[in-house]
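If you scroll down you'll find the structure; I have some questions about it.
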Amino acid sequence: MIKVGIVGGTGYTGVELLRILIQHPEVKITTITSRNESGMDVAELFASLRGHIDLKFSDPSGSALDQCDLVFFATPNGIAMQQAEALLDAGVKIIDLAADFRIKDIAEWEKWYGMQHACPELVASAVYGLPEINRAEIKSACLVANPGCYPTAVQLGFLPVVEMGIVDTNHLIADVKSGVSGAGRKAEVHTLLAEASDNFKAYGVPGHRHHPEIRQGLTRVAGKPVELTFVPHLVPMIRGIHATLYARLTKKRKIDLQAIYEERFATEAFVDVLPAGKHPETRTVRGSNICRIAVHRPQNSDTVVILSVTDNLVKGAAGQAVQNMNIMFGFPETLGISQIPLIP
Amino acid sequence: MIKVGIVGGTGYTGVELLRILIQHPEVKITTITSRNESGMDVAELFASLRGHIDLKFSDPSGSALDQCDLVFFATPNGIAMQQAEALLDAGVKIIDLAADFRIKDIAEWEKWYGMQHACPELVASAVYGLPEINRAEIKSACLVANPGCYPTAVQLGFLPVVEMGIVDTNHLIADVKSGVSGAGRKAEVHTLLAEASDNFKAYGVPGHRHHPEIRQGLTRVAGKPVELTFVPHLVPMIRGIHATLYARLTKKRKIDLQAIYEERFATEAFVDVLPAGKHPETRTVRGSNICRIAVHRPQNSDTVVILSVTDNLVKGAAGQAVQNMNIMFGFPETLGISQIPLIP
Amino acid sequence: MIKVGIVGGTGYTGVELLRILIQHPEVKITTITSRNESGMDVAELFASLRGHIDLKFSDPSGSALDQCDLVFFATPNGIAMQQAEALLDAGVKIIDLAADFRIKDIAEWEKWYGMQHACPELVASAVYGLPEINRAEIKSACLVANPGCYPTAVQLGFLPVVEMGIVDTNHLIADVKSGVSGAGRKAEVHTLLAEASDNFKAYGVPGHRHHPEIRQGLTRVAGKPVELTFVPHLVPMIRGIHATLYARLTKKRKIDLQAIYEERFATEAFVDVLPAGKHPETRTVRGSNICRIAVHRPQNSDTVVILSVTDNLVKGAAGQAVQNMNIMFGFPETLGISQIPLIP
Amino acid sequence: MIKVGIVGGTGYTGVELLRILIQHPEVKITTITSRNESGMDVAELFASLRGHIDLKFSDPSGSALDQCDLVFFATPNGIAMQQAEALLDAGVKIIDLAADFRIKDIAEWEKWYGMQHACPELVASAVYGLPEINRAEIKSACLVANPGCYPTAVQLGFLPVVEMGIVDTNHLIADVKSGVSGAGRKAEVHTLLAEASDNFKAYGVPGHRHHPEIRQGLTRVAGKPVELTFVPHLVPMIRGIHATLYARLTKKRKIDLQAIYEERFATEAFVDVLPAGKHPETRTVRGSNICRIAVHRPQNSDTVVILSVTDNLVKGAAGQAVQNMNIMFGFPETLGISQIPLIP
């Protein structure tokens, strides 16, 4: 068993990490920190955990994080970069669920995240934790940048056609929709039930932080610069991301998209390609680490439509983080994250 | 005041027509028919109308529809085409909220709606009731085909750029999202709250009935064949349509999209172009006949993103039908349909 | 037409007042104040009002409230009591939608609202604005305390049996359920969609501010002290209050509860007693000033069950305030507040 | 490992049984029957189970249910009673999740369920499967009647005070609220999202099938006839039951209700008594077999308020059924049903 610490355990990715790690057979959670709730029983804040955990939130300053084998940062952006170096020096591995180590271009990162980066030299060595692309690098990584929720669903959806070079990568379109938990457990007016329920809206059309992250990832896959239009929307539901992806085929010859998708993900435990003609629903992955994908070519036109769904808190955050942990520590990749989705 | 009949008053467009027409100063509702609820007080089926209406549903057979000045068909597809000829011969004007008279190409209609058309000769003379495009024809029409909910939001959104011929009309993309009331007041498993709530999915990607209707409308506007990819989605909310539209600019020179949209709709009472940079929310049109539109050009690329929202039961159905009625009978176009949206 | 001012127009009761007053034929809104949004167009904050209002929020300090005939306070508790005296002295009538003037017992008020009352002497002269009980006093009032949302639904529900003295008023039970808009447009964690959606909970069982208000009102009706158990719950919906009321009959003889309720409210425009055996739904009053009530006596036991529903923002706040305004200024009581509920 | 069959696997209790049993270490599911979906892959109907199950629905007639050690009936009422005798004769144990064996009084059962009972002689020997009351009998039972969802939450909530005889059992009140999945996976208008969402209503106030079941259970606990007023409500959420229970204390002396509840359930793995002053939320038991209870005595009056929440599909149906199975077959009672609730 490994000793695991969680920094910032009071948000949605925090409680989701707890739900998964508590039942993980190779993990012992030794520390959970919170600046604001220090001293409070974890199960008092999250009544769903009553009877399953007997820890208190500890103050970040006095915590024994450096005694851990692995520390998850489930913090706002800009925290992990302050503490990473010391922990790595102490031999502790790190998985950051925030954005501090996701973007290789420091200037680009600083533009989108509105702060100066505290340890640019670590960014280069950080591994982007999307196992379906980077499994080998993750295995030997000490510092993993866990992908954002939108980027996971979008990159997995585009992956086969971009890898094969059969679509116009100058004009990809990602029309993505997210449940409200993606905005986190923060008191804000626009995500109140009375504001966000019985409503639908796009946001961030002029620009969104996940845009450069997706572009960077697909550019690496394509081996050349990729351009995409990225439009996020807010859905009146708690969990779930649905990416509707559009790409123009560049080859006129007959292509069996269904076969391409099935083959690409044949050995991936957490990517499920639906039978031809089907449409994935976000609820079919609720509470699970699965990404379900369907690929369509309506009216046999040259526009491919890919539908990709995940649970933003699991495959889009905590579940993928544990998947990365399993890879980093040599556990079976699916260990502790094969929960069956909750329907209805 | 004109005498108005409603055929099929037990669905969502029916009750919405009633809500609007009851308070319309120039309308007297004389007949509401329903095969199944014949004899029942309308206010027993729809308790929201208690105290506002004193009519019973009457059987279609014995009803005095031919005494009306105007009859609305709020029926399933395939009903209006059975009765239209007799009513028109009796001098009654007709607005069909179903699809019977929307598609000019009879073979195409029969393919999508799965039945033989009962009066193909009337289809040619029917006027497509989208006032922002067809106002003049509607004014003198006896038979109006009220547009579908998706087609209204999509056509209004694309209208300015397609009219001006500044986008590639061979590759339009309409990623549209609808509240569940769009599926009607029918007992079905997939629209149960326990199925559709806390969930998001695309459907009908291989083909949808509103696709040919939109293509027909935009083709007429463009003056040449238009091709679009149309992907509808189901949103866990009651009312509202959000169309996210993508088009590639064909002219490289500088174009002021905001000005183009504002000018095109400057005199339209029911189309509201938002200030640059804004995103419309479906709730800001809830219960109203407004279509709100925003136009974006993210990262100054050549892909235009248009956001268009309506209330599917008002501007997408009953409200637009009354707007058409106002035009046909010479009433002020906004009479009885200027309700303020209900927020929150 | 009267000149009307609104203090604190950025919350849900504020926007609801605007929706109603904009279309009220006897009202001209001259001033809307907001400390935080001063200078902003009202229609920028509330896009639903675009095209319907051309006012900006003004700073409370420099505003011309004393030029109004009537000022509504749609503010947090504790604001109206600071400004009431000066306005009344200037001949301005006041309707306070907050709680400052609802409780006659100053000590009790101070206990529940956690502050010292600024003008206890005005409390005695304030009229409690529940027209179905206090219509005559409201007519001549200068200062009206508009009732809370729970108290409106509960008092109207209990009114007939308490007035007649046929139930045990020492053990009334009010099990009440509210939509989330009742908590206001405030950034708080517990009313986020991701917290409050797909969830149900009671709150405030040990004590709630509306408890003494209801007790005071029913005590006055009963002519003797009334005791009740009051349990509020949060429902994952936007608008609506459902009160389920329990009372033990004290008379063993046969009582026609249905007739008692129908008679009591026969002349009330805004109370609708449903036919025997029916259950009111909150959506049947959505956006309207109606209170619908059903009375049951299950298994003919001695426990009466009364079901009472309102829209918390209309009959429970802004609509009732305008009803009070109509009475105070001699307008027809239903003027401008007979909107038909929005279904579905 | 035992061989388990499921009759009627296409409803919500069916898919929930599958979710739990698939991961139960002592169970092998050998047969799932469905009259309508016979021949279809289970994972085609429930995409959430893709990759977790490789069975097809089989026709009830040709199925090998008599080869099972245990058969669950997740069928509509009236099915299990047709097949129970033959299976019991074949040595197969039965847990019926429907109502066929819950009510001992056959005439009462026939009145509420509207059909003649097919095997009244088996009803007497059936054991009511509420482990917290009947554990010993369940251990040796061959035929278990799994309790209804409302009766589970209500009986567990009232249990301590009724057992101790400290409340007036002639006037209990159960004000209960259920998520929509309680109505099952049936196409009905009133549970459509467009009808049930953003809405709240009571139903069945004149009478409900779960009323006699609760009365029977509490009567047995009390050792004398119990009377209660039972008012169910529909909440716009998927899962969850919240019972708000009212009882009048009969003893005037000081009583420590908190201690009474904590002691009564001290050894119960699936009943969690919250600390004094807390309110349980349905989401804190979502997807789990836990019942959380809080007990209040507001204003120190003689009316006790008990709040009891469960997931209607788990502790109110499938989870409790597996708990009963564990007891019947000598497995640890919590085996396979200690999932942590899904929050948010």
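Brief remarks follow.
Labels for the chains are A, B, C and D, by order of writing; each one numbers its residues from 1.
Note that a residue touches a chain if its C-beta (ideal position, glycine included) is under 8 Å from a C-beta of that chain, and two chains touch if they have at least 3 such contacts.
Just so we're clear, the structure is a prediction, and the values are computed from it rather than from any experiment.
Look at the CA centroids: the one farthest from the centroid of subunit A belongs to C.
If you compare B-C with C-D, the chain pair joined by more contacting C-beta pairs is C-D.
Separating the CA-averaged centres of subunit A and subunit C is a span of 45 Å. Subunit B and subunit C have CA centres that are 37 Å apart. Rounded to a whole number, the gap between the C-alpha centres of subunit C and subunit D is 39 angstrom. Counting partner chains per residue, subunit D has residues 12, 179, 181, 185, 194-195, 197-198, 236-239, 280-281, 283, 286, 344 touching two or more of them. Residue ranges on subunit D touching subunit C, taken from their complex, read 171, 173, 175, 177, 179, 194-195, 197-203, 205-207, 227, 229-231, 233, 235-240, 242, 244, 246, 248, 277, 279-283, 286, 294, 296, 298-299, 301, 303, 305, 307, 309, 344.
For subunit D in complex with subunit B, the touching residues are 12, 179-181, 183, 185-189, 191-198, 236-238.
Contact residues on subunit B toward subunit C in their complex (touch as defined above): 12, 15, 19, 22-23, 46-52, 181, 185, 197-198, 238-239, 272, 274, 278, 280-281, 283-288, 290, 292, 313, 339-344.
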